[in-house]
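A single structure is presented below for examination.
The first chain written gets the first letter, and so on, giving A, B, C and D; residue counts start at 1 in each chain.
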Amino acid sequence: MSLNTFGHLFRVTTWGESHGPALGATVDGCPPGVPLGAEMIQHWLDRRKPGQSKYTTQRREADAVEILSGVYQGVTTGTPIQLMIRNTDQRSKDYGDIADKFRPGHADITYWQKYGIRDPRGGGRSSARETAARVAAGGVARQAIKALVPGCDVRGYMVQMGPHAIDRARFDAGEIARNPFWVPDAQAAADWATYLDGLRKSGSSVGAIVEVVARGLPAGLGAPVYGKLDTDLAAAMMSINAVKGVEIGEGMAAAMLRGEDNADEIAMGPDGPVYGSNHAGGILGGISTGQDVVVRFAVKPTSSILKPRKTITRAGEATEIVTRGRHDPCVGIRAVPVGEAMMACVILDHLLLDRAQTGGRRGRIG
Amino acid sequence: MSLNTFGHLFRVTTWGESHGPALGATVDGCPPGVPLGAEMIQHWLDRRKPGQSKYTTQRREADAVEILSGVYQGVTTGTPIQLMIRNTDQRSKDYGDIADKFRPGHADITYWQKYGIRDPRGGGRSSARETAARVAAGGVARQAIKALVPGCDVRGYMVQMGPHAIDRARFDAGEIARNPFWVPDAQAAADWATYLDGLRKSGSSVGAIVEVVARGLPAGLGAPVYGKLDTDLAAAMMSINAVKGVEIGEGMAAAMLRGEDNADEIAMGPDGPVYGSNHAGGILGGISTGQDVVVRFAVKPTSSILKPRKTITRAGEATEIVTRGRHDPCVGIRAVPVGEAMMACVILDHLLLDRAQTGGRRGRIG
Amino acid sequence: MSLNTFGHLFRVTTWGESHGPALGATVDGCPPGVPLGAEMIQHWLDRRKPGQSKYTTQRREADAVEILSGVYQGVTTGTPIQLMIRNTDQRSKDYGDIADKFRPGHADITYWQKYGIRDPRGGGRSSARETAARVAAGGVARQAIKALVPGCDVRGYMVQMGPHAIDRARFDAGEIARNPFWVPDAQAAADWATYLDGLRKSGSSVGAIVEVVARGLPAGLGAPVYGKLDTDLAAAMMSINAVKGVEIGEGMAAAMLRGEDNADEIAMGPDGPVYGSNHAGGILGGISTGQDVVVRFAVKPTSSILKPRKTITRAGEATEIVTRGRHDPCVGIRAVPVGEAMMACVILDHLLLDRAQTGGRRGRIG
Amino acid sequence: MSLNTFGHLFRVTTWGESHGPALGATVDGCPPGVPLGAEMIQHWLDRRKPGQSKYTTQRREADAVEILSGVYQGVTTGTPIQLMIRNTDQRSKDYGDIADKFRPGHADITYWQKYGIRDPRGGGRSSARETAARVAAGGVARQAIKALVPGCDVRGYMVQMGPHAIDRARFDAGEIARNPFWVPDAQAAADWATYLDGLRKSGSSVGAIVEVVARGLPAGLGAPVYGKLDTDLAAAMMSINAVKGVEIGEGMAAAMLRGEDNADEIAMGPDGPVYGSNHAGGILGGISTGQDVVVRFAVKPTSSILKPRKTITRAGEATEIVTRGRHDPCVGIRAVPVGEAMMACVILDHLLLDRAQTGGRRGRIG
């Protein structure tokens, strides 16, 4: 079942390999009449693009998106939108060694075991390049959300790199776009630059935690049991390469709380219920409360490092491998726009699902 | 959609409310010829059953499952299996107060806002009683897994209650069934009993972390992108009531690791690849490695507590609420068999998906 | 997947065997706030119920439906609706012979080949009793359609029995409920009674054609390519037991028409476009025009007849079989309410799908 | 619900408009290790290509397919296969008139009503050009079927054009490729040429019936209720542009048969059951019998004709329209390779579904 597809009604199928001629996303179910042009998608792709700072892979890709279908005279027609990105900088020679050796921490060995064949060039289908297609699809979702819920905003940023967490007391949203880490804390940005420089030079890599927040959502998105908003968010984030954990609101730390410290108290505001806190991350019983929806995910350190690691060949022989080539010392950086894109896709999907079942009617309070 | 359904090929649709006549699971896609009787499912339901110790709700439910279809002469026929559990101890009077007041931390308010109607008795559809249906479905999945992969075993246990984590050095699987907390650490079991007694008497509640491990799985289960094994596990666990975080392998802690500390080295064993460690939690690139698949999830503290909390009524008036009734001080305890059930369902689903696409063939190593 | 489920957003999963304890339908995705009581569903079930005339099987089933979930205080809550019908008249002894012999024209042999096990009693899962669950689900769909599109009406009737077609010049909708054949032609009703009496006494059976019409639908339901309204109607009708052909509008006869005779001319009426004819059956490009949606399907003759037929046993030995028991000489009669139910389910599903994608907005004409 | 997608496990999403830059199919779920090259797909596309005889549209399209992903070193990798066909001969000026007038019998009016926007050039998404993408996907399916069930063969042909049916006594499969109508009857080919010449010159068009047969399938494909093989075939064929009726085996004519004339008798052959006839069209209870699977569908006459037809403009004004441009006088001709492609996709899908649930095991006879 559409194992390369995500979404229920707003459905995104990504395709393509790292070193094939192109990759892209087939986007089905977008509402008609949404303003859409390649430049609106390109804006988001440029944020994920490699080679923008010394902290990300030096692969040179324009990541220029073409819209091949589903848009007419600048608006969506309601038919499938095909988004294609040509690969232009595929230096296959860089990857000769790994066709035969399995890189520890990579999907090389499992793809081989499952399929009995794989495109080893740049990781093939398991490459992080696949996430470019997600970001493109997220650009479509953002345009549609803007048309349906004008005030809604989706924003991601890094909150931790290796052992270094941000100081929430210094949180400054304006800072996010000003540094190469998408971090909302100027001091952290400076510290991380030094830290990552050292790591990069040593040929190592490190993990990170990304937080994505959606503001301005209506209450009522989601559904019981398997159609929970948080269920779909968890799946969306965990489906991103290298993600190993997903949290909503308090996340794993909820385990340490008492009931009276965790349950957000409710009061009546001028426009409906307001909450005294947001431990829930904006979701109760799988359905949005109208507060900020807050998701965090952990990205493991890139496994492509210059330190030698023990592994085996396809013939089963013991060997060592050093992964040269152009890799991100902290792949979590480029995961920020990817996480945003996934959030946008999930939210649009639930806006459509909700409209389908309830027609947008709401139980009245007050 | 099918927002009350989980699974791709092994599909479980749960139905029913806490205080309706019955609840259950419609299970479609089970392979034919699998030995199945009500008692095999009952075994697992009994582990989740309320009222078994002073640490879980005192509601008295037999949770007796009836198989209404899909089984003939003791084996599955390949047609839908209907599992029904009658509700027998529905004291609706306990819940009179909450029909009008929204309980903080509960789905009361979001269900009301979304649907404009809800069954307030015992939480209705959002009650943790829904998880009984999951456990029943998991019992079917376990039987089918046993038929397909005889050595595979799924086991869950608690690893943290509030601030108290187990000591992994004392890990003793044999201990799990010997205490009311499903905790693999005898010392922790003793400590937690004291701790939870105090909490219960004070009318409070606390969160927990549950770990579920699947052993004996073949390499090759899962698929790229949105059909990743970890994607489906994340969704499965996050869909359980009160879960706020999900981790695979190192989970959130992966953020703090360096590449050389995280990537599991590979060697050749007598039966195929063996790994020097399992930071990955048994999954690389969304596909199983053949190691233990390790998932953890955090359960928030029960929001039904005896401490008064500020809230509003349906009319929008400020008020306070104290949730009396029969509640679990640590709902994480009963989440253990639920997490196991979800793991079993996901694994069976991926066994079937893999068989569909690859026919079970594997790329050879060595 | 979900091979026992139909629908995209309004999803119906039927379960149960002819001679098991019960059968039913799990209905997910119904809008909240729809008035629903068992008696509203029973009304439609009673039309399909066996034993109502000498022309249908003499099996005695109350076909009494119970609503086990999803309804509170007389309205739907938006959660899954479980509809259960107990089997009460399972005379298994009638079917002893067929456990070993494969009945020609029946699913006995294919179920056996596919699953290696089957419940032979009354055909098990392949019994026409399964359609009771569809009719029950259709009753829910009708209530929801009434809430969403008050003027919409779904009605089915027979237009042919064996070689005897109705005379459309005598079409009288009022006649449909007055005869045991649901035929809108009083003369045909009289003729068919004589014809079917003869057939029944001779131990034979005959096929039929059923027409189902939905009136009062808005233009704009459906979608391109695989989400066409006619695609889903074709699937819905073909999924009914014994159906071998499905037609929309002119159907197979469209092959014999010229372009100028087939394309319905368009004029402007007071409330929008009006058409000079309805060769299209109310659907153009997979999307409803606002005219009557007209579907026909052919039901093959019951294969359970008193004439001896050559077959084989499970051991592969040649034999003969005579199917005694309680069978319909023209199973097409009871297919009328089933076809209506499937039409109602498809229409509701497309109302929800359309609302999801377009929000109900329409391109303006005039 | 993936309204531009078909298939359960072998999933094809088509995209693109008649006059956009390109169209194509995103194919997910193909087994790995299947030999595949563009030329294998091109072979089937060339059969559907326009402009090959005076009986089809004179639009000049190379219909050259590019494989953008999912294939490595000549075999499929199990990841999504993107098939792209560039549009090269888009003479938009031909279609200026129809941007404002709705063509009777076309999807112009319903697309407009549903979406409030449409690409009018060449019918946009509703153009028969969309079927090129299906044929391309069908080419992939054929390769995979060949790998899984070597003897299986799918072949389509015309059996009726307007009032002229073939004479089955003259059936000659070798004739199919020898005439521009894919008709297995040399005499009919000659007669139809004369007939269609006259029609074409008069500016009219005519309908047709296409039959598609799959030979060499195993028994056991399909599933009860909504996963029936015939349900999916009905949906697949009805989803093709201009199709108004679908039949399996006897089809609509089954209505006229008696039980003893319709039920195919069973005997034991050297390799399993053999049948005395094939009224069932190779499917019983939704599951294949191992006989030929026989599907027929009716294609309505092209609505683009030179005869003036009454219609309205978008402003609601009455007018007349004559559809000039490059159209097929009998679009049924080019529907032959499309029907074959849909059959191939459905069969592969059910081979995978069956392998998932049963592992290919079969109940033994004899």
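One rule holds for everything that comes next: a residue touches a chain if its C-beta (ideal position, glycine included) is under 8 Å from a C-beta of that chain, and two chains touch if they have at least 3 such contacts.
The shown structure was predicted, so the numbers you read here are calculated from the model rather than taken from an experiment.
Separation of chain A from chain D in touch steps, taking the shortest path, is 1.
The greatest centre-to-centre gap from chain B, using C-alpha centroids, is found for D.
Just to note, of A-C and A-B, the chains joined by more C-beta pairs in contact are A-B. Computed centre separation for the pair chain A/chain B is 26 angstrom, with centres defined by C-alpha atoms.
Chain A and chain C, compared by their mean Cα positions, are separated by 45 Å. Contacts with at least two other chains are made by residues 1-5, 8-9, 14, 29, 32-33, 78-79, 114-118, 125, 224, 353, 358, 361 of chain D. Taken as a contact graph, the chains are fully connected, with every chain touching every other chain.
Put simply, chain A touches chain B in their complex at residues 1-6, 8-9, 14, 102-107, 109-118, 125-126, 130, 160-163, 199, 204-209, 219-228, 230-235, 237-239, 241, 244-268, 273, 276, 279-281, 283-290, 296, 298-305, 307, 309-312, 314-318, 332, 353-354, 358, 361-366.
Chain C contributes residues 1, 9, 29, 31-33, 78-79, 224, 352-353, 355-361 to its touches with chain A in the complex. Note for the complex: chain A touches chain D at residues 1-5, 8-9, 11, 13-17, 20-24, 26, 28-29, 32-33, 66, 68-70, 72-73, 75-82, 84, 114-119, 124-125.
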